[in-house]
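These notes open a run of structures that come right after.
Next come two complexes built around chain A: one with chain B, the other with chain C.
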Partner chain A sequence: MLRRRTLLTGAAAAGLVPAAPAMLRAAETPGVTATEIRIGNTMPYSGPSSAYAVIGKMDAAVFEMANDQGGFAGHKVKFLSYDDAYSPPKTVEQVRRLVEQDQVACLFNTLGTPTNSAIVKYCNAKKVPQLFVSTGAAKWGDYKDHPWTIGWQPTYQTEAQIYAKYILKEKPDGKIGILYQNDDFGKDYVTGMKDVLGDKFAKVMLVSYEVTDPTIDSQAVQLQSAGINVLLTAATPKFAAQMIRKVATMNWKPLQFLTNVSASVGAVIEPAGPQNALGIISSAYLKDPTDPSWDKDSGMNDWRAFMKKHFPDGDLSDSGYVFGYGVTLTMMQVLKQCGSDFSRANIMKQATSLKELEIPVLLPGIKVNTSPTDYRPIRQLQLMKWGGKTWDRFGDIIEGVAA
Partner chain B sequence: MQGVLHQILSGLATGGIYASLALALVMIYQATHHVNFAQGEMATLSTYIAYTMVTAGWSYWVSFIATVVVSFIMGVVVERVLMRPMTNAPVLALVGVFIGLLLIVNAMTGWIWDFTIKTFPSPFHSSTPLLGGFLSGHELGSTVVTLVMLLCIYLFFRHTSLGLAMRAAAYNPVSSRLVGVRVGWMLALGWGLAAAIGAIAGMMIAPIVFLDPNMMAGVLLYAFAGALLGGIENPLGAVIGGFAVGVIENLGGAYVVGTELKLTLALVIIVAVLMIKPSGLLGRTVMSRV
Partner chain C sequence: MSGEITAEATEASTSIRTQPSTRARPVPFAVTVIVLAGAVALTFLVSNYHLFQLTMLVGYAVAILGLNIATGYNGQISLGHGAFYAVGAYTAAILMSNFDVPYWATLPIAAIISAIIGFLIGFPALRFTGLYLALTTFALAVAVPQLLKFKGIEDWTGGVQGIVISKPEAPFGLPLNPDQWLYLFSLGVAGLLFLFAWNLIRGRIGRAMMAIRDHALAAEAMGIDLALLKTRTFAVSAMYTGVAGALSAIAVEFVAPDSFTVFVSIFLFVGLVVGGVASITGAIFGAAFIVFIPNIAEQVSKAAPGAIYGVILIAFMYLMPSGVAGLLRRLYHRLVPSSR
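Coming up: the complex of A and B.
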């Protein structure tokens, strides 16, 4: 009985394929109807990381704008964004709901390293595109292990490579020390330094901390007493602020590098003391909304106009809005390139064939490039130094070493 | 060698943090024979109250005293409203209440004050770093505050009749009631005092670790290790335990087990103490006749 039914269905399908391809595709394309394409997302709208929620709100607003302009090949985007509170088990629950109940065509910009790590296997087993995840972990560039997952921003590893290049040029004999958070995020910086330093990496002093540690004072003392004079701090905001202040109070004056995750003026530099942070080097790939040099920039003016219309009360110094704007414009390009074929395979194919794409909120010279063997859309950064009031960018756009 | 000295001093400074919260744990344990898991979060809430007062323009010491008073009332209210109905409930139900309280207070502080870190002012300024950058003025000042608190608690429990009544109420409620101690109010008083001590601890800790809703999560664990090490019934023991954990953790992390296992070291201390000397280094073994 079973076999006969299978046979019959198979025969029917075989007969129908040449006759009515459009109809069949509509039936076989999850998340796509004649007028709509459903895209799923998870965001920490509640809990300790809820400051990131502005990204999700921005994503939704940009899709709304695209819909108002006519959508994509007659389809409007329905953006379903659920709260996962930055908690991996909740992310799994919400993503299953998105894929199995809401039947989304793809996921877009799900936020967080641990949260995305929790769903990456599921998405790849189900062959659901997990596009432009909001995390800088290097593993999203691994197209062999998970071909349905791709990042967007420069990876932490790329960032560390760029710092290492600078160290080799400016302070080749420096004694390098790294303070890193003992997880994917922190370890990517160690790997990046290793990529560039080669033999010299053996002499680098590595000191880790756990997110549960109350302070990093002991680690700071350990690095200082070892005579470190080039310090890379790969820490989340609270610990980065502690480290900046501790280094200053110990009268220790190493050449300091700081992960751009913690380069926020309001969340890190102000609490740590702007004078304590003088001379610290970090990096950027987005235009900083507080930087006066973008006051007349057309890309940033578009962004400001957009903010005025959709988020009249939004904080214009919050770079989360800039990030959400840039990443969703990238997604719009993918949907445009899809033409009228919004199958999961084609969405993934188009996401991995972006060429020299310019996004108005990226620093001039930084372009988005992907290919089926390059899952790292942005791989360039520019260095910047804390001048006491603002971050001052300096030098050329630097690219990380090839994978 | 200088490194070792620096690690020890830095360990004493962090140990001071653990010691001050450990005192709050001792207080609540002395008064109720329970360990309140929400002690840390309640202290964080108190610190936020102080933060709001200071940013509103009040002077530091006025805010300090007002916060201690408000926290005391808060502690009493929590006991009266949440704990009183649980008087005859099994211990597990109480643990449930403590954990619920922890989650509620944590989410509430995040909701009201958001999760970005805030700078909390310190009353102890030093223009130049002390001992060549080994110790900051605040670290020294907060250690002194912890020691003063210790002295007050010691005097309160040993030399006042109220302190004696509180200990009696916790140790043997039935007999205490028979000799005229108002057991219910003694418990409420214990909660209030613990919340007040927690508030002071919070205000001393916040300038070091920055103020955020999860400020106490890691601290509470170490404070617990410190309290157990010294003896959870003994304020002096808890303070010595707190300092010891700070130093052991620093030296162990830097020279023995590596920074990755620092937290594990604290947990090993808890387990080891419970196995070898459950009453702690300075605790007395109490026997009760049934």
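Coming up: the complex of A and C.
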């Protein structure tokens, strides 16, 4: 009798023991079932910013490809992407739906600076990883204030640091002037220049404009009459085009730097006049899909093949597709590194321990690196110069300064 | 289109004027009690996420009610009420973050500030009528997001960054989480404001407001001071929408210029028409439309949620030309012939 009872107990225990950690795990890892890992996202699928929606569609397609290839440790990604119309209150609603209703394991690539600002407090209070947000604002690198939030693309601040480094090397005695938009975006450039110039920053002339200003003509005159010969224009496309044109008509020939937000040929260079923009320096980190030097590049060939399969009608010159592809490949690496532990803590831990990761759509030499005290995955850029018809990249990959 | 609205509005005003016959009243009263009890019960029945949606719904309902007071009952078309919504939201956020004012105390202040701004804007704006007023107020809605970024007030408004605030905890040690408490709080505020609006509309002032809408010249001949009543109506309307903005800011815990684009005004107007012009209960249905239809549209098609939204909107207007409230009213009159 005794023997039988022990046997039974033993059997029962054997049945229970593996079950217990599994149950524990399920409770600890929201968004993860035996076969699935749920990842949430918000995108402006409707409204005036819906041009960005291609990024969300690309994200979904790359996850689909990963699932077809077997997924991650037996788990398939279920990518839930909701429309927030670029409206912060709607983002809050959709993110609460994702976290509380759909129980996602983490958020990935939520798009927009104001929209992410609206949810950053919530995500960090709930300890939900808010990974690789689609915005260049410098504040996403602040690992002390919000340890559950991390950016991806080079920040505006990093970009300015890189221009400053180049200025120190090529024109150390130049009289520097910055024209910046008076908001987060513009001020990040001022901060970045300050980071690198140090004591020399005191002599930099700062001139700002408001988005509501009709033109920046008076600012341009002000800078020229102060004898500025190195100019950084941290302006959104409309104002950048005005500035390039104004500088040319004033017959002023400073060494000009232009934020890569406004490096668009169609939106800035064409309206400003391609001849007026000759010699302007900007920067890049992604391979430009329209650049013929990538025609035989294996990374871009993979991307083009992917586009052909998933977006046969997609616009091949839309860099949003390149961006979405690159950022989702980064996320795939995080999931691979997670092994079979998809707890929120481990996802965050892996997202902040990416080492020398190469993404095929990033410029050669640019690598993704993160650490628990470095929340800026891409910190390198390459400079490029407007040659009259195309942007020509030149020089080495330059890295921004450490935080 | 506009002909239909006027016809409906006239029908609404006549039915409201004949309401005081005591026989018809008990049923709506009972319905009100049941709806209110149901709304309170939801606090304990649905998830926090849905409570958040319902809190937003309550906020939008108050905002639409405010718009309805000016547009539905007084005939002043406003496409700029998002501006008052923003003023209320920013008032609450600035008071909470810069001056440590408790959340509940921000509501009366938001009400006063919105009412003053509404009154001041009402003055020049009310020289215009109909479509011209609509355009004037629309200009206001377009200007607001940019004004909020203005450098001079950036210390208060936080510029493009906006302001992050904290959701209040339930007071007196009530066993409620912040979402439950805020929902009940908003519901209580909305209940008071609806009751106040009900009394205002059914009284002397309400009749004067509708008289101006239906025939301004006749109303003036009756001795109604048009300019005074119209500006005051606009102020009350702005006050309602301002309080709604404050409630929503507390629920969202964040305000930024991008939260108050011109679309807020448009959506409020859509909610007004879908819910039912010149109908107090219509505001609730309009709010439900604003909160839920975009989500439904997105579920149908992620590729073109805007197009689906448009189709749903057209369907609503086609099937219920006098709004949801108008449809319900007609059904009610058909089922209870004595209420006619």
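One rule holds in what follows: the second predicted complex is superposed on the first by the 384 of 403 C-alpha atoms of A that agree within 3 Å, B and C clash if a C-alpha of one lies under 4 Å from a C-alpha of the other, contacts with A are read in each partner's own complex, and residues count from 1 in each chain.
As a working rule, a contact is a pair of C-beta atoms (placed from the backbone, for glycine too) under 8 Å apart; a residue touches a chain by one contact, two chains touch by 3 or more.
All of these numbers come straight from a predicted model, not from anything done at the bench.
J.: Have a look at chain B and chain C on chain A after the superposition and call it: clash or fit.
T.: Superposition result for chain B and chain C: clash.
J.: Quick one: is A:Tyr45 in contact with chain B, with chain C, with both, or with neither? Answer first, second, both or neither.
T.: second
J.: On the A-aligned overlay, A:Met65 touches which partner chain: chain B = first, chain C = second, or both, or neither?
T.: neither
J.: Have a look at where A:Gln242 lands relative to chain B and chain C in the superposition and call it first, second, both or neither.
T.: Only chain B; A:Gln242 stays clear of chain C.
J.: In the superposed arrangement, which partner chain does A:Ser87 touch: chain B (first), chain C (second), both, or neither?
T.: Once the two structures are laid over each other on A, A:Ser87 reaches chain C alone.
J.: Once the shared chain is lined up, is A:Pro271 touching chain B (first), chain C (second), both, or neither of them?
T.: First partner only.
J.: Pick one for A:Thr212: touches chain B only (first), chain C only (second), both, or neither.
T.: Both partners, chain B and chain C.
J.: With both complexes overlaid on chain A, does A:Asp184 touch chain B (first), chain C (second), both or neither?
T.: Only chain C is touched by A:Asp184; chain B is not.
J.: Kindly classify A:Ala73 by the partners it touches after superposition: chain B alone (first), chain C alone (second), both, or neither?
T.: Once the two structures are laid over each other on A, A:Ala73 reaches no partner at all.
J.: Taking the superposition on A as described, I'd like to know which of chain B and chain C A:Pro114 touches: first, second, both or neither.
T.: A:Pro114 contacts chain C only, not chain B.
J.: With the two structures fitted on A, what stretch of chain C runs into chain B, 60-68, 96-104 or 132-140?
T.: Among 60-68, 96-104 or 132-140, the clash with chain B belongs to 132-140.
J.: Check chain A for residues that touch chain B in one structure and chain C in the other, and list them.
T.: 47-48, 50, 182, 210, 212
J.: Which of the residues in chain C come into contact with chain A in the complex?
T.: 47-49, 52-53, 56, 146, 149-151, 159-162, 164, 248, 252-254, 256-259, 261, 263, 294-295, 297-298, 302-303, 305-306, 309
J.: Could you pull out which chain A residues touch chain C in their complex?
T.: Listed in rising order, the residues are 45-48, 50, 81-83, 85-90, 92-93, 96-97, 100-101, 112-115, 117-118, 120-122, 182-185, 210-212.
J.: Considering only the defined contacts, which chain B positions touch chain A in the complex?
T.: 2-3, 6-7, 10-11, 13-14, 17, 107, 110, 114-119, 129, 132-133, 136, 205, 208-210, 212-214, 217-219, 221-222, 249-250, 253-254, 259-260, 262-263
J.: In the complex, go through chain A and note every residue touching chain B.
T.: Contact set of chain A toward chain B: 47-51, 182, 207-210, 212-215, 217-219, 221-222, 224-226, 237-238, 241-242, 249-252, 266-267, 270-271.
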